[in-house]
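Report on one structure; see the data block that follows.
Order of writing sets the chain letters: A, B, C and D. Residues in each chain are counted from 1.
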Amino acid sequence: MMTSTTPRPTTTMPDTGIYDRRESVVRSYARSMPRQFTKAQDVWMHDNQGGRYLDFLSGCSTLNYGHNHPVLKQALMDYIATDGIAHGLDLHTDAKAEFLGALESIILEPRGLDYRVMFTGPTGTNAVEAAIKLARKVTGREMVIAFTNGFHGMTLGSLACTGNAAKRGGAGVPLSHVAHLPYDGYHGADVDTAELLAQRLEDPSSGLDAPAAILVETVQGEGGLNVASAAWLRRIAAIAKEHGALLIVDDIQAGCGRTGGFFSFEGLGFTPDIVTMAKSLSGMGLPFALTLFRPEFDQWSPGEHNGTFRGNNHAFVTATAALRHFWADDAFTRDIARRAEIVAQRLETIAARHGLSTKGRGMMRGIDMGSGDLAAMVIASCFDRGLIIETSGGHDEIIKVLAPLVIDDAVLSAGLDILERSIDEIAHANFDIAAE
Amino acid sequence: MMTSTTPRPTTTMPDTGIYDRRESVVRSYARSMPRQFTKAQDVWMHDNQGGRYLDFLSGCSTLNYGHNHPVLKQALMDYIATDGIAHGLDLHTDAKAEFLGALESIILEPRGLDYRVMFTGPTGTNAVEAAIKLARKVTGREMVIAFTNGFHGMTLGSLACTGNAAKRGGAGVPLSHVAHLPYDGYHGADVDTAELLAQRLEDPSSGLDAPAAILVETVQGEGGLNVASAAWLRRIAAIAKEHGALLIVDDIQAGCGRTGGFFSFEGLGFTPDIVTMAKSLSGMGLPFALTLFRPEFDQWSPGEHNGTFRGNNHAFVTATAALRHFWADDAFTRDIARRAEIVAQRLETIAARHGLSTKGRGMMRGIDMGSGDLAAMVIASCFDRGLIIETSGGHDEIIKVLAPLVIDDAVLSAGLDILERSIDEIAHANFDIAAE
Amino acid sequence: MMTSTTPRPTTTMPDTGIYDRRESVVRSYARSMPRQFTKAQDVWMHDNQGGRYLDFLSGCSTLNYGHNHPVLKQALMDYIATDGIAHGLDLHTDAKAEFLGALESIILEPRGLDYRVMFTGPTGTNAVEAAIKLARKVTGREMVIAFTNGFHGMTLGSLACTGNAAKRGGAGVPLSHVAHLPYDGYHGADVDTAELLAQRLEDPSSGLDAPAAILVETVQGEGGLNVASAAWLRRIAAIAKEHGALLIVDDIQAGCGRTGGFFSFEGLGFTPDIVTMAKSLSGMGLPFALTLFRPEFDQWSPGEHNGTFRGNNHAFVTATAALRHFWADDAFTRDIARRAEIVAQRLETIAARHGLSTKGRGMMRGIDMGSGDLAAMVIASCFDRGLIIETSGGHDEIIKVLAPLVIDDAVLSAGLDILERSIDEIAHANFDIAAE
Amino acid sequence: MMTSTTPRPTTTMPDTGIYDRRESVVRSYARSMPRQFTKAQDVWMHDNQGGRYLDFLSGCSTLNYGHNHPVLKQALMDYIATDGIAHGLDLHTDAKAEFLGALESIILEPRGLDYRVMFTGPTGTNAVEAAIKLARKVTGREMVIAFTNGFHGMTLGSLACTGNAAKRGGAGVPLSHVAHLPYDGYHGADVDTAELLAQRLEDPSSGLDAPAAILVETVQGEGGLNVASAAWLRRIAAIAKEHGALLIVDDIQAGCGRTGGFFSFEGLGFTPDIVTMAKSLSGMGLPFALTLFRPEFDQWSPGEHNGTFRGNNHAFVTATAALRHFWADDAFTRDIARRAEIVAQRLETIAARHGLSTKGRGMMRGIDMGSGDLAAMVIASCFDRGLIIETSGGHDEIIKVLAPLVIDDAVLSAGLDILERSIDEIAHANFDIAAE
């Protein structure tokens, strides 16, 4: 049925009085997508004027299984209907036991991973704060190494690890105890930035203090879909080990299937000491985050890092359902791989036509428009056509395709058609002519 | 019916293998209440062995309306059933508009308050981080004044404002840009600590830098149910204004009816510049937090402080239902006042019998056992009798009664009966004899 | 001979072209004493227009033995004439051995003090930086407790301990790892600030981290001649010991006889763990500073804190001569006591006449003018009469008499006469009338 | 006369009882040169057993004009004999006026430099603290960029800029508000580290905050005689200007003729915004330091950065004499160039023989022994032959020739003969054989 792949965007702005009066000007996405949304199902979002939009943003990779996936939704409704615990601090609950059991049997054991699970406050930044606290506690050191263009959250400890100047500027205080080093490829193909780091750490006069942790994303989502090679990551892991630092992989955006496997580092030949998860972990967009670490580093005192919502039981329920539905066998992984290949080929074709380059890995790919202005024009054009899509990168210059991983291949193609048309138009009007 | 007011505790420990294997040792409440809970309704929590427990902890004031309140539960189930948006970043949604409208008409306008609403990451610490960021940005200053025994969260910015040494020690780095000053009554009845603060700020050589903000709880929940007087708070507000600092009231634990009104500062004769809310805001225990501020301080750049889960739409739905159900008229406030009086009188009687003192305000009251060891014995005894109750204070020496605000008067009395019996026993065995 | 006690001020300004062109506007004393000085002897400074000035500033207590004391001067000239080592890094030299021997036999042993000597860079701030570094190293803690109105230097570590807002503001970065607590008497006679500190340290939720050191001046010179009582200091010493912190007495301004004994804490009933010395240590105004500490805290690695000028051998020579000349018996101490009594009585009389109060101890006394403007008028009037004198205090409101300790009693009286006349005039013109 | 070029080392250890009892174990040079020195003249140091040593350390470049140069010595003795002001805080004195005039006419004007002079506390670290304070004040920014292997002092602000881990570790607190970037050549000849810095600053998500200053040595003395090229320094100057940062050249060790000109940056094609000077500035080893800056950056408030010894008038006298004697014409510069050429050729020959490499510029040169252990053996061997010489570098692996600039060519050769013999011996015994 053709209609099922076609967006139906609304052309008029809804009334925004209540937001103008009451919501802080800090809001951001609502500015580039000025609609009021009412409901959402699978890959579609519906507004209050009858419009519908194809979602290639997926809540910044929070909705990898799409909106309101029926299996997850049913599990949650059943749980609520029977008065399942909604909030239980960190008390033991059936929902928590189920989740831990599913994580153990479906994810950890098959991958040969032995991690302890810490339920932090249910936001990514909280998981990162817990991770760096733990690394500092375990090592007795204070300095954390993070990377250029890394993004790790907005609370003070995570923000110090984040590279983005506008976000950092919001702190209002200097951000300390973190050193940023160049990410893989940052200084061009000829400079091996892992070796730059190694040299600094081996030199007792380099000004780089002995690190508690090295904090890295395998693919930098907000930073512009920069991909670290397996060799570079293995070298970073070896450097961390050699210098007594814990290796933390922030898998908040790249994990949960976005790059193919449940963890983004699967098959790359190294095992992090600590892993942070959030975003798509609950599967249905409910707030949920956790920090995983090797048992020997589980050196917390009881309650040393806590938080009111650290046991979001609704999220346990949907997360468990997601693990069982999607990760019990390798069908989903194969689906992702196939769709990733579709995205890769289509983006490559589009980019090549205009002399642009592509970036990313798995279902986390994009096109470098070379300028934030051009990229903004593209996403505005897409939105007018009913496609929700966003940018990332230091200059917001990367068009970022974060389609739901469950998307039907035909719908995926339809969305990419819209993107192609928009890029073609913007390119034609702005730089193809100049190049002719 | 007698049974309805009587707990039925389980006496055997459930299997904890999965937790031992997989959950971090950082867990805390699960240690003093070693049961696995399955469901909860109203003031009762049920375990997987058929036991039921009366909840005088209320998720540390997160469940002021009890567990799974039928009105909130129905609203949420209806929302999910119709594929309402679960996760929408900060996009405009029906659920958000409904919440903002309800907050405006039911809470803000009747109280003559003009606040802008910032949806921060859905944890209290995130709301505090946003609040102090904003104060620093608006004032161009870096130092925040917080108070002895204050508790504001676990991420690095909030943790610097928190007084508790064990929590602070978890940071692994020194906590900076915050000065702690003595709270109301901290140095005894004869020392007006507001005047100590004023003297420090008026003295250019006091070593106290000009503050961006003064961050205060009207009642210190975690700090030991310390209550600031209205006069002291007004003086603090005046000092903040005089010295160009923003006054932030952290109402995360004391707000949402816990001390009587929706805000804990109602009727005290001052208006904060910024207010942080979380815990009972969603009404059903779902993660939700926000930061309110006067419109003139809404100086954020778009996205300057963001977060993946900053629009928890399920929480919008339950929060809106809670506002409409409980706060549209003053019936609930009168109920709280009556129950608070019951708690106050009963605690006073119990305390007086053993030469102990009571603390707190509204439905946030307790008894100072004088030692953490004694308090721990009391709560263990209560738990054995089916009453869930916890401690707070610098030495965990305060027995903290945080019963749901909706609790039936008879059930409240039954719970207080259990508390009384436990205190009597512990007191008799430990110190009453010595005093005779 | 009458002339020997009478200043002879110059009335015309010298040419200041070279300063206007080349010296930074950071200069300060040169503004309130706009003369060009050529030579100085004993208590007199001479300008290049033939004027002479009585020096009641003594280089802020750096010239306790007056200018170019003949014994010290001769020792230095003999040393230079025979090519004595001027600069030797931290190599062993005859001059250093002589100094250490004299310090041991004349100062330490008679007082029963067992200190190790660290030659830091030859400025007071460097001695303070070394002291707090050592305390942090020894204790493994980071936070230092300093006091309101304390002054400890301008480099970043010392400046963090300094209370003065204008000086702190110069840092350009937030000053961290130090908490300022109220000094003795800060909150009035009824508040025992030592007990406030004790309460904070005994309370694990006070927000005051476990301190590496408590850094205190027995008399706050720059802070306004505030005097700590012996009882308060003993209590602070006991608190430091109880809480595992080192007690550092900053004796840079109050030591070397200024308050009577060689150390300002002699006879007060406690012994600091670390002492910092500078200012009058060389006796002739040459740069010299040292940090003394109990042998068990001498835990430095070789060169861990160093500095090019840490062995100013010229200063060793004059310091040794000063120790031998002034401190070998108690004659000097008795002289100081007598002169201090003269100053005390005269200031008391002057102050009483105008309803003012006096402050200070030993030869470190002053009058509180109640306002910086009035105090500035007094010192300007004194300067016009040939008396060099300055102010201190948070508002520069304290007239500070820091006459050389060697001053002839008659000259001292003559100087106090000038001060009296100036205060009488200013008081009469400004506030005596109002009070009548 | 042969004797004039030949050292006469002592073979027995002097009594060290007083040091063992009273001097802190922090002492360092006294360990590798265990003699007690009594006097020094020109390039010779004499011990208390009649030995004499040729000084190739020169107080770490503090005695560029040798010990007790007769012209400087006479000027100082004349000044003291006539009761010249020894200590005058920052009052105007004849000695200061003379110094400023000489600096203006002999140094600044001929070089076309327009700098204001700030007399900081008389140590290098104090000059650096003042420099970075001023840059932070002028720019309103907090972060300072320093370089790998940079050395800038021991007080907290300067230490944060210093690269050496052992020195940094002494702080006892984390060192903040400074980012270390790779110095010229740090990552090998193929990586242009100025471009790495430029890329970081141009990227708004690099994690490198906008800098207040870039702080650089043209030759890194303590860091291992690393030399920055003129092109690299010009690029750094351009980067600083482009990004609104002040360029600070720390010329404390490389200035005062050590690299040829009065300033080490002369003739390199750029002009720093701020320059720090100390070490050889007084010419006779007396403590003296200053911070120079462009007049438009002279934005201090009076006394905002001060210090008791900021006007060391004895040092003004000797510094003025040194400027007049050595820098009034270009004879001295030519002498330095000739001697530098001698050193360069001799070191090159020695190094080549053993497959070693040379480092440095002007009279600041050395040989990289490849290991700190070997270098320690060489300097011990030299000392046994009467030659005082030291190492530098991150591993103390660089033999550092810092002969006085005034050294007679024949004596210079004699000293280099000793060095040659020692290196030959050590090399032969340790690695030449292995290479054969």
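The rule is short, and it goes like this: a contact is a pair of C-beta atoms (placed from the backbone, for glycine too) under 8 Å apart; a residue touches a chain by one contact, two chains touch by 3 or more.
All of these numbers come straight from a predicted model, not from anything done at the bench.
Peer 1: Is the C-beta contact count larger for A-C or for A-B?
Peer 2: Pair with the higher count of C-beta contacts: A-B.
Peer 1: Among the chain pairs C-D, B-D or B-C, which one reproduces the interface of A-D, with more than half of its contact pairs identical by residue number?
Peer 2: Matching more than half of the contact pairs of A-D: B-C.
Peer 1: Can you compute the centre-to-centre distance for chain A and chain B, using the mean CA position of each chain? Integer Å is fine.
Peer 2: 31
Peer 1: List the centre-to-centre spacing of chain B and chain C in whole Å, with centres computed as mean CA coordinates.
Peer 2: Chain centres of chain B and chain C, defined by C-alpha means, are spaced 50 Å apart.
Peer 1: Could you put a whole-Å number on the gap between the CA centroids of chain A and chain C?
Peer 2: 59
Peer 1: Where does chain D touch two or more other chains at once, residue-wise?
Peer 2: Residues 142, 166, 173-174, 176-177 of chain D each touch two or more of the other chains.
Peer 1: Under the touch definition given earlier, write down the residues of chain D that touch chain B in their complex.
Peer 2: Result: residues 173-174 of chain D touch chain B.
Peer 1: What does chain B use to touch chain A in their complex?
Peer 2: 14, 16, 18-19, 21-31, 33-41, 45, 48, 57, 59-60, 62-63, 67-68, 73, 76-77, 80-94, 96-97, 100-101, 103-104, 108, 115-119, 121-126, 129, 132-133, 135-137, 142, 153-158, 160, 166-167, 169-173, 176-177, 212, 252, 278-279, 284-287, 291, 293, 298-309, 312, 314
Peer 1: With touch defined as at the start, can you tell me which chain C residues reach chain B in the complex?
Peer 2: Chain C residues touching chain B: 142-143, 146-150, 162-166, 168, 174-180, 182, 186-187, 190-191, 196, 199-200, 203-210, 223-224, 393-395.
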